[in-house]
Amino acid sequence: MTSAHEEAWLRTQLRTIIFGTDTPAGRGFDIALLVLIVASVINMMLISVAAIESRVGPYLNGFEWFLTLAFSAEYAARIYAARRRWAYIVSFYGLIDLLSILPLYIGLALPNAHYFVAVRVLRVMRIFRVFKLVRYANDANIMTRALRHAQRKMQIFLGMLALMVTVLGALMYVVEGPEHGFTSIPRAVYWAIVTITTVGYGDISPSTPLGQTIAGVAIMSGYALLAVTGGIITAELTNEISNQRQNTQCPHCERSGHEIDAAYCKFCGGDLSHDPDEEPADESRQKARDKLD
Amino acid sequence: MTSAHEEAWLRTQLRTIIFGTDTPAGRGFDIALLVLIVASVINMMLISVAAIESRVGPYLNGFEWFLTLAFSAEYAARIYAARRRWAYIVSFYGLIDLLSILPLYIGLALPNAHYFVAVRVLRVMRIFRVFKLVRYANDANIMTRALRHAQRKMQIFLGMLALMVTVLGALMYVVEGPEHGFTSIPRAVYWAIVTITTVGYGDISPSTPLGQTIAGVAIMSGYALLAVTGGIITAELTNEISNQRQNTQCPHCERSGHEIDAAYCKFCGGDLSHDPDEEPADESRQKARDKLD
Amino acid sequence: MTSAHEEAWLRTQLRTIIFGTDTPAGRGFDIALLVLIVASVINMMLISVAAIESRVGPYLNGFEWFLTLAFSAEYAARIYAARRRWAYIVSFYGLIDLLSILPLYIGLALPNAHYFVAVRVLRVMRIFRVFKLVRYANDANIMTRALRHAQRKMQIFLGMLALMVTVLGALMYVVEGPEHGFTSIPRAVYWAIVTITTVGYGDISPSTPLGQTIAGVAIMSGYALLAVTGGIITAELTNEISNQRQNTQCPHCERSGHEIDAAYCKFCGGDLSHDPDEEPADESRQKARDKLD
Amino acid sequence: MTSAHEEAWLRTQLRTIIFGTDTPAGRGFDIALLVLIVASVINMMLISVAAIESRVGPYLNGFEWFLTLAFSAEYAARIYAARRRWAYIVSFYGLIDLLSILPLYIGLALPNAHYFVAVRVLRVMRIFRVFKLVRYANDANIMTRALRHAQRKMQIFLGMLALMVTVLGALMYVVEGPEHGFTSIPRAVYWAIVTITTVGYGDISPSTPLGQTIAGVAIMSGYALLAVTGGIITAELTNEISNQRQNTQCPHCERSGHEIDAAYCKFCGGDLSHDPDEEPADESRQKARDKLD
């Protein structure tokens, strides 16, 4: 009925709406989806509250079905419109899109089965829809770029933490022992994590004088060490940003001191992207997205 | 009796005393009000302590009445003296001023309505008098301006937190379940907030090995992520302030490096506010205040 | 026997040893005093442990008497040697020196009296000897100077905290009420302090859904607000230090970029203190100390 | 059989593999060792879990023996290949290497000595194998160098913390007393550490109104003081790094602004290490390592 040409035109149109954010229709679609995702998270929360579920459960479950159908239609449309279908299906967001609609269908196929706990796990994975919000945040702020840049610093911080809690946990397992709640090294490491990060539930806490002394010294040392490490990371980031800014020179008026995420010179309005020192981050990202579609 | 001219003179005088801070009378009025506000907050606290209320309750309540009458007189005087009355009444401070005197009158109107919670709410609403103190903080420091400037950064930080606690809460609801205190997703999210911010009451805490493992990994990752995010925000603020300072040039002697809140050149004493790059913050604020009066 | 001249000579000698830190004897005296103060704190700690006191109590108490006599002798010598005796006696350190020896004597005068609780308070004020350690830290590091410089920022931070915990405490007192542990506003403010600073004992924690929602929102907002405020303070300090450094120019070789606490140019070794922009902090402090002696 | 010349050649080869990281064989050895260390830590954790040990204990203990033999062989090879044997044996890494294999042999020598705690200590001492990982961290990142540089700042931070918790602990011991859990000053200091670092277990917490007031004030003051101190440390580190960078000038092209850990000029590629202002850190470290081998 429709010629191949017309179908190609339809797919391109759909792709512009669903994957794009540049046209009014594309933006409208994204905003509508955002609203649905937030509604879905709130709905799931309400269902989980026994007092609410017992009163208006049917309405909430009906809405849940509406949301699942809407997300299913969106998933189908994405597969239909994507430039490279398998690339989309096995991509991070493709899998999350699938995971967010599966649980309800599985719960339908096995209604009386006693696998309800497993299904419950699947159902709440729908929370991953929240991650879809990140897609918008990604485009909007430079925070993500800065975080990606500081990734290695974060790994060093995490590595230091991991080393500290492993040694401290093993030490406290020896000193306090199973009779005071430190029943195994993993549990003692859990205590050490809760302690060193200053969460401090108090479900496990040292009770022997020696254990309290070691814990006291470890807490203070860890606190000072992490505060100074945080300071070093901040200091390095500050100088990197400052350095980047001083090095970025407008190729037109040759003045420097531009914001990291500036695209145009704030003095003469010239395009900064021709500067050879500036990484063309947006271009490479655009390419990566083109590949996906 | 008094001519319109005399009344206008009286209102101007009152306005200088009540709204102004430049004359000795104006400063004296502000200090007296400050003392009354602090006294009022302390008085309310003492009334709430049963052991104190049972012994000296009548005196405290008498003082409360004195304070309410004083604040009522102040409110009436402000309306009388204000240049634009409705603008004052519906302004932030106007509403706070009203809220801080209403409760006692309402309690008087409904003397036998012993709706316990409602009365308690009314009585404690007077705590909003504390916000009257903001009036002074606002004028005194550049902190508020810096905070308003960093508002978007704070929103990103809050958004990241909100995303993290939602996902973590839903995950732990599935893993731990109602039998270990995670009775609903909202409650699990409450646990996640208390955990990720390192408050850690311990009223709810994971008790299964899997839950403790997930909590441990989430706490450590969240801790490192938030520490680095804090570092990024600090680094950006540092460079923004430094940038602002380097860009602010005295229009008279052309030297730069002035403090953000400096009004006059620290080298030649010239007025910095004619600089085209500097946002004339004080002027616009002055205008906003003029509108209020 | 000794002429007035000889006595003046003796006092000057003693003053150099006790108050000074420039001669070998003065430094030796200070180090010996430091050891005694630390020993005194450890001794007091050991006496407070019942298991240790019951076994070696007499030895510890004997050592306590030795320490008290030594500190008494030091106090007498300080009064004798001080240039202006009353100035020393009523000074901060003079009062701490007195407070650190009084308790044992008072315990002697009222041995069987039932005021033992009050005496216990006095006894532990001996811990103030620890503050004497600050005297040495004062001279050694620039931290104290930086802290004094940042005092106003800390007050703003504290003020913000105080405002937040007062309003949050009053709010939770209304929402949770006495039946859930929030028995009075002061107690609710105590909870708010423990919560907003992320200590989170868990001795009081919200148990109603509304209370948990408010607490959750307040914790997250407070956490983000304090993180950003901390970032602003750090950013301002960074720029102040950097500014100070850029403005400090060697009057001899005219190069800048010296450390804040540098006394000599790191390029040509010239005396930096003649620079008109540099506050002669050490001189004014020396004067303040001369007044005390 | 083998001539001295051949043995020297073998030792040099082994040294290249075991101590070096520049050849493929050396890198392969390091990676294999890394895997074994991590496996060893996980294995020890699993053994400590009763539920796992009772089921697959023999397998885990067998693997433990395999690991111990592998580490023993590595230790022997290191001694054999090291350039200066005793220097290696008494070095930090030499002792860690020994400590990580000793426990199992000691447990073998005293098979019937069922001194419960002693055996547990010996078994868990193997956790020190984690420190073997530090070897890699040390070489890989500039964090360690920065931390060594900021050591004095960390000591000041720790000293401030120690002073605060001692005074606060003693004060609360007097105010709350043994009847509310503050049974001795050391225990009260433990409480103060847990509180000031915002861990807040809640195993001990003030219960008298006066104690809660003092705790509240101390928590808020301590929180503000530590936040500002952390800010000062960060600010100083930022300016030190920035200063170091501005002062480092390429001796070839004379341009500055290089990263702290840069070895070559980023503008002309010239060797920066001839700069007289730059501490030749890598050289001195290389020398220290040469001494070890």
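Some points to look at:
Labels for the chains are A, B, C and D, by order of writing; each one numbers its residues from 1.
Just so we're on the same page, a contact is a pair of C-beta atoms (placed from the backbone, for glycine too) under 8 Å apart; a residue touches a chain by one contact, two chains touch by 3 or more.
On a predicted model such as this, the values are computed, not experimentally measured, just so you know.
Following the contact convention of this document, C, D is the list of chains adjacent to both subunit A and subunit B. Relative orientation of subunit C with respect to subunit D corresponds to a rotation of 90°, obtained by superposing CA atoms and rounded to a multiple of 5.
Matched by residue number, over half of the contacts between the chains of A-D recur in the interface of A-B, chosen from B-D, A-C or A-B.
Although subunit B and subunit C carry the same sequence, what matters here is overlap: shared residue numbers make up under half of all numbers found at their interface. With centres defined as mean CA coordinates, subunit C is found 30 Å away from subunit B.
In this assembly, the C-alpha centroid of subunit B lies 44 Å from the C-alpha centroid of subunit D. In subunit D, 186, 189, 198-202, 230, 234, 238, 242 are the positions where the chain touches two or more neighbouring chains simultaneously. Partner subunit C is touched in their complex by these residues of subunit B: 41, 44-45, 48-50, 117, 120-121, 124, 127-128, 130-131, 133-134, 137, 141, 143, 146-147, 150, 153-154, 157-158, 161-162, 165, 186-187, 189-190, 193-194, 197-203, 226, 230, 233-234, 237-238, 240-242, 245, 257.
Here subunit D touches subunit C in the complex through residues 156, 159-160, 163, 166-167, 170-171, 173-174, 183-186, 189, 195, 198-202, 205, 207, 209, 212-213, 215-216, 219-221, 223-225, 227-232, 234-236, 238-239, 242-243, 246-247, going by the rule given at the top.
For subunit B in complex with subunit D, the residues that touch the partner chain are 198-202, 234, 238.
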